[in-house]
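Following are the structures in question.
In what follows, subunit A forms one complex with subunit B and a second complex with subunit C.
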Partner chain A sequence: MKRKRDYQALDSLDTVYGYYIQMTLGKFLVRRILQGVFVIWGVITIMFGLRAVSPGDPANLMLAEGATQALVEQVREEEGLNEPIYVQYFDYLQGMVVGDFGYSWQSNREVEAMVIERIPATIELAVAATIVAIVIAIPLGVISATRRNQPSDYGATLFSLLGISTPNFWLGLMLILILGVWAGLFPTGRRPVGFGPAVLTLAQTGSPSDIFTWLKYIALPAITLGTYFTALITRLTRSGMVDELGKPYVTASQAKGLPAVLVRYKHVLRNTMIPILTVLGLQIGTLMGGAVITETVFNWPGLGLRLIDALDARDWPLMQGIVVFIAIAFVSINIVVDALYAYLNPQVSDE
Partner chain B sequence: MISKRVKSNLKQTFSESLLPKIGLVLLLSILFMAMFAPVLATHDPTRTGHYTEEGAEYPPLGHEYTTQVAADGEIGEVTVQGSSEHVLGTNNVGQDVYSRFLYGARVSLLVGLLGTSMAVAIGVPVGLVAGYYGGRIDDGLMRIADVMLAFPALVLALALIGVFGESPFYVPDPIVRAGLAEGMPESIPIPGTVTIVVGLVTWVWFARVARGEALSIRNEEYVKAARSFGASNRTILLKHVLPNSLTPIIVLATIQVAVIILLEASLAYLGFSGTTLSWGYEIERGQDVLRTRPWVSMLPGIGIVLAVISVNLLGDWLRDALDPNIEGEGR
Partner chain C sequence: MTEDVLRVNDLSTRFFTTEGQVNAVSNLDLRIERGEIFGIVGESGSGKSVTARSVMNLIESPGEITSGEIWYRNRDLVEDVEGDYPDAVDGEFVDLLALSDDVRRSLRGTSFSMIFQDPESSFNPTLTVGEQLAEAVEVQRRASANPRSTRARTREYSLGNYLLSTVLPSQRYVSEASHERAIELLELVGIPDPVERADEYPHEYSGGMLQRAMIAQALAGEPDLLIADEPTTALDVTIQAQILDLLDELQAETGMTILLITHNLGVIARMCDQVGVMYAGEIVERGTLEDVFDGHVHPYTEGLLGSVPDLERAGGRLQPIPGNVPSLLDHEMDDRCQFADRCPKAMEDCLEHPPEFDAPGSDHHEVRCVLTETEYDESRALPADYFGGKERPTADAYADPGTDIDESTGPGNPPRQPVDEPGGDRP
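Right, the complex of A and B next:
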């Protein structure tokens, strides 16, 4: 495989994707997808390796305490645990390829079902947190950048500093305490209704009360998970805009008499968004990690909470299923981000 | 390595802005607190059973709360006053909150520094080699880095700790050994697996930055010159590429200390730490009594925020002064 490389011409963001400089968008995507498949295979293999070296006999974890030796032996045989390790690995890999993640050791249910039923709650939380972050952060970053060294800039800087420095589990607890318990503004228990059923109620009966309940319950978790990203995007928007505002084209368009607002929001902000998008793509992992914590704090019935349960019970098939799902989500979202990036910044894909 | 220009830049940005000063003062205070925790503490942080006469936890000094206690087979309500004996109250197993706060700083800072060193020790060599040699080596190492990135750091850390156990190790406390404090624990527990694991899950950020640096440095004139004199790759890597890529690595390392302090706190909060003397663990313990005894969770959280802010402020200062091109930050 011979590729032309010219690393020097690239800035730091481009070096990551430096390989693709001379490719078309289509080839670029195919390559990204192949790499994505490799990454997912890597994650599957690491998880299998971890399970193989982890102490404890899976048969014991599957059975109730005090099971007879004969029963343990039977389970080992049925589960293929007596096979050589490479046979187990290929069986496992084969299962993953066709979407068979095996059975949970603890509840004996299909892992796919246990993962899928928890996906909506996590997606609702992640989307709500992202919306919170974008709605607050971008205006804040713009204000901060256009009013540098004024009180509003200092306020935004302080806010974003606090935001990236506060552990989200503690933030969640304090929100529960202050807004939930003391002020009584938000409910604090486990949510009674998901988004899907709430929409269904609205469609069937025309009553939006379930939607309101859902909103009340998701508010605090979304703020908890979204705060770090709000802070991060505020910082990125501010620094990106400050750089961008100093460029000659801004002066030129202002000299031409274009209104400042138009220049700021249409041109400057758009150019600022490109690098932010890439950084955010890489932060999907952080979002998932944050979701694990947030779901634990709020007893939110998502994938993260299930992962913690699986870890506590050493339920490896379930753990693997969830981690592999997260990896697939991460890889797919990053491919979409890369495609958007290539689309917004034609330098990357132009011949 | 650190030129005059860089030095004067560091000084200038430091004197111009208030934020790095705040960061430095905060960090030094926390370091002082951590170092002299046995002297500053009023109680053995691990000793349980500090309860009021009624058998309830102390609230912080100057506060009072009403709680139910069992006495003589009956449940009665009592109002409990704070005591100067336990200025910040006691937690739900009757340990002194203030003393535990001081000791918590030790775990946070130690894991932050050791974990970052670990990440640097893995990530920087991998990144430099990948960037300098390019080709297959680069492709291979960067694909491994991609796999690492697809794991949320927290999830991978949890899986690794699940496999290898928590294995705390105990380091003798120099202050107590020197006879400066009495009645304090003889040794400090360090969460062993956590320290290694946080390095293992964050090295990839260092690898990416080091690689980017090596990519641009390897085409510099002085590297070409060194090569034309017959310098080996090893020499070039150690004498030219490494020193010249230090600036962004230092900036990233500072930011990563903050990231790792947060990661340790999260792991401890989820119950995967190996030491109970961690701020994160204490917050988890306070969660059960959040409504009635909120001080148990509140104080350690403030500790984490202050420690992370101080490191972040210094990181921002270094970044502004040294102005490297770093892509994002890991967490």
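Right, the complex of A and C next:
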């Protein structure tokens, strides 16, 4: 199946999916997982290489300023920094395979713990941004496509153009300034409570106040992060739907007397959703690691913020831990999306 | 004993494109009797499909029905709409163009249904064939649940209903009974293993099977009028014959009326009781099959028949009609006989737009050509280069069009389309 779309990246996707038609779903998944392992290994290796070529002695970074030469020498010995580079690499790789990412140089805490404690906030933000995007973008795209060249269509098109071209950091700052500071509608600063604890409070005490607090704090970051995404999905929905509406099966469904709602949603939107879901999934993968700017602007305690901190401090183990986690998340989500695509499109999963 | 089921008067359908107004159908008159097969034949772009879609109310922006009446005989409908649309009712007839879109939509599937040219793209690729047939059945079931209330029928299945149905199976549009009926319909049109086939997707069907399924879908609502728009064009020749047989059988069984649209005169000769020949958005000649095939008057009909391969005359040259299908852009059309520039018998009289004349033959025989009443007079013939030269054949060139072909395919003249080319009209 070949669809014509005005979103260029999807064309290449289609070529790839065209190839998948030849394979069964099982084979396809095994293949994708192997590819994913290879990608993650590549990320690990590149990170190691960057650390190896970057200037500065790690032992100095680990120690307080003014440490004696003997102490530095001792740390180098303990950390294996005097070993040949390939020995260091295999040690490091071995640690990764068994899930030992080492200790943060800065805080001397375990990297795994430092990564894991930040995952919920990042996922919350990614999911919230995706929900914002879906809830706004799909109806907007549908309206736009079904009232083509009418004022509502122009409005939606303008909105998506602005959404795609507005930089995240600027939008975030403006939202904080206007809605947070001037209007006082939303709180600013670090959130006091996460989603997990808030639900726990609700379960234990029956008080939803923590949930409301959580919602108030996540609203602006989610809108900021979701705006680009919303704009993208609006455009995809519109163009996909315009494309589908011109197809003969739409006329055929109308000819058999089907209510317009069913023609529009059960038939047309369903077919439009197949490519959109693909993009949606890929974007969630991007959001997992791509929220660095938004998290920094809103001081959101997620992985992105921790990554920036790690970069500032040249805390290599932490940086590596975060980057590897993002790579794993991205690859896994991609595999799930591919499987979902095959499930939704009977022509792909057909053996 | 026969009665008209559909009378189309003075129908004009225009498309308002950026290049200008396209007169896809102009002042078209049509009468279709109950139980007959009425064929419309013409070249690609002559307005056949647009006519069909105008009846179905499937004309979409930038297209618009700008004038005319479509009278449909249905006593029940008369009773339903009398109150709301007194002007639309005349005896047993209702003028469809005077009704609202909602009422007209309620007639689709139940009064009129349609078979399309390309079965493979006329089914939704992501829903099973059984589901899509069941939808058509459901439309009919819901309509017959309120037989006397068009108003109830037009009440839309709302977005809320649809959203609910995604969570609650009981709110689904298509009922279990409709699914069962869909399987019966598949069996009716000769699909083996209908129970299993109903759960398959369109891409798992062959073209011929899908066309059968589409016929089943069109029959689901037991329509008064089945419009078949190039039903065999996309199919292999052997399959074409099977599909035509099937239509024939079903028509004999149910006595339904069929409006058959095709560019294939063979199909017309085999299937139809009455024929309308379309050219440039007009019906130029209509009448019974005998009127059109044996007693035709219009030089275009003559040309069409001359361009069909004939085994008995094998060895003789085919006689394609020289020139191209004319532009239907309003500003490029003159108020003359639209065929005059390709007509070997064009005369000065043809510079005025001809009305429909009664022609010899049956009562139904009507021809839009001055030759019906006037003999061809060479002294009044238009000079060969009257319409800008090479387009129009002289009587000699018509007999041997070989030389004229190359010249007319110059820049600005798209390659000529032979009448019996595969592929039909796409609006």
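Convention: the second predicted complex is superposed on the first by the 326 of 351 C-alpha atoms of A that agree within 3 Å, B and C clash if a C-alpha of one lies under 4 Å from a C-alpha of the other, contacts with A are read in each partner's own complex, and residues count from 1 in each chain.
Rule of thumb we're sticking to: contacts are C-beta pairs under 8 Å (C-beta built on N, C-alpha and C of every residue); 3 or more make two chains touch, one makes a residue touch a chain.
Predicted model, so just to flag it, every value in this text is computed and none were measured.
Colleague: Please determine, from the superposition on subunit A, whether subunit B and subunit C clash or fit.
Modeller: Overlaying the two complexes on subunit A (C-alpha atoms) leaves subunit C and subunit B fitting together cleanly.
Colleague: In the superposed model, does subunit B or subunit C contact more residues of subunit A?
Modeller: Looking at subunit B versus subunit C, the one contacting more residues of subunit A is B.
Colleague: Is A:V323 in contact with subunit B, with subunit C, with both, or with neither (first, second, both, neither)?
Modeller: first
Colleague: Return first, second, both or neither, reflecting whether A:G42 touches subunit B, subunit C, both chains, or no partner chain.
Modeller: The first partner, subunit B, only.
Colleague: I'd like to know which partner A:Y343 touches here: subunit B for first, subunit C for second, both or neither.
Modeller: A:Y343 contacts neither subunit B nor subunit C.
Colleague: For A:F90 in the superposed arrangement: first (subunit B), second (subunit C), both or neither?
Modeller: Touch status of A:F90: no partner.
Colleague: State whether A:S253 touches subunit B only (first), subunit C only (second), both chains, or neither.
Modeller: In the superposition, A:S253 touches subunit C alone.
Colleague: Quick one: classify A:F212 as touching subunit B (first), subunit C (second), both or neither.
Modeller: After superposing on A, A:F212 lies clear of both subunit B and subunit C.
Colleague: Enter the shortest inter-chain Cα distance between subunit B and subunit C once the structures share a common frame, rounded to whole Å.
Modeller: It is 10 Å, taken between the nearest C-alpha atoms.
Colleague: Can you tell me which positions in subunit A touch subunit C when the two form their complex?
Modeller: Subunit A reaches subunit C through residues 1, 247-249, 251-262, 265-267, 270-271, 274, 344-347, 350.
Colleague: Quick one: which bits of subunit C touch subunit A in the complex? Just the residue numbers, please.
Modeller: So the residues of subunit C touching subunit A come out as 53, 56, 58, 105-110, 113-114, 116-118, 121-127, 132, 135-136, 139-140, 143, 156-159, 161-162, 173, 201, 203-204, 214, 217-218, 220-221.
Colleague: Touching subunit A in the complex: which residues of subunit B?
Modeller: 134, 143-144, 146-147, 149-155, 158-160, 162-163, 165, 208, 211-212, 215-216, 219, 258, 262, 265-266, 269-270, 280, 283-284, 286-287, 290-291, 294, 297-298, 300-301, 304-305, 308-309, 312-313, 325-331
Colleague: Can you tell me which positions in subunit A touch subunit B when the two form their complex?
Modeller: 5, 7-8, 11-13, 15-16, 18, 35, 38-40, 42-43, 46-47, 50-51, 53-55, 161-162, 164-170, 173-174, 176-177, 181, 228, 232, 278-279, 282-283, 285-286, 288-289, 292-293, 296-297, 307-308, 311, 314, 319, 323, 326-327, 330-331
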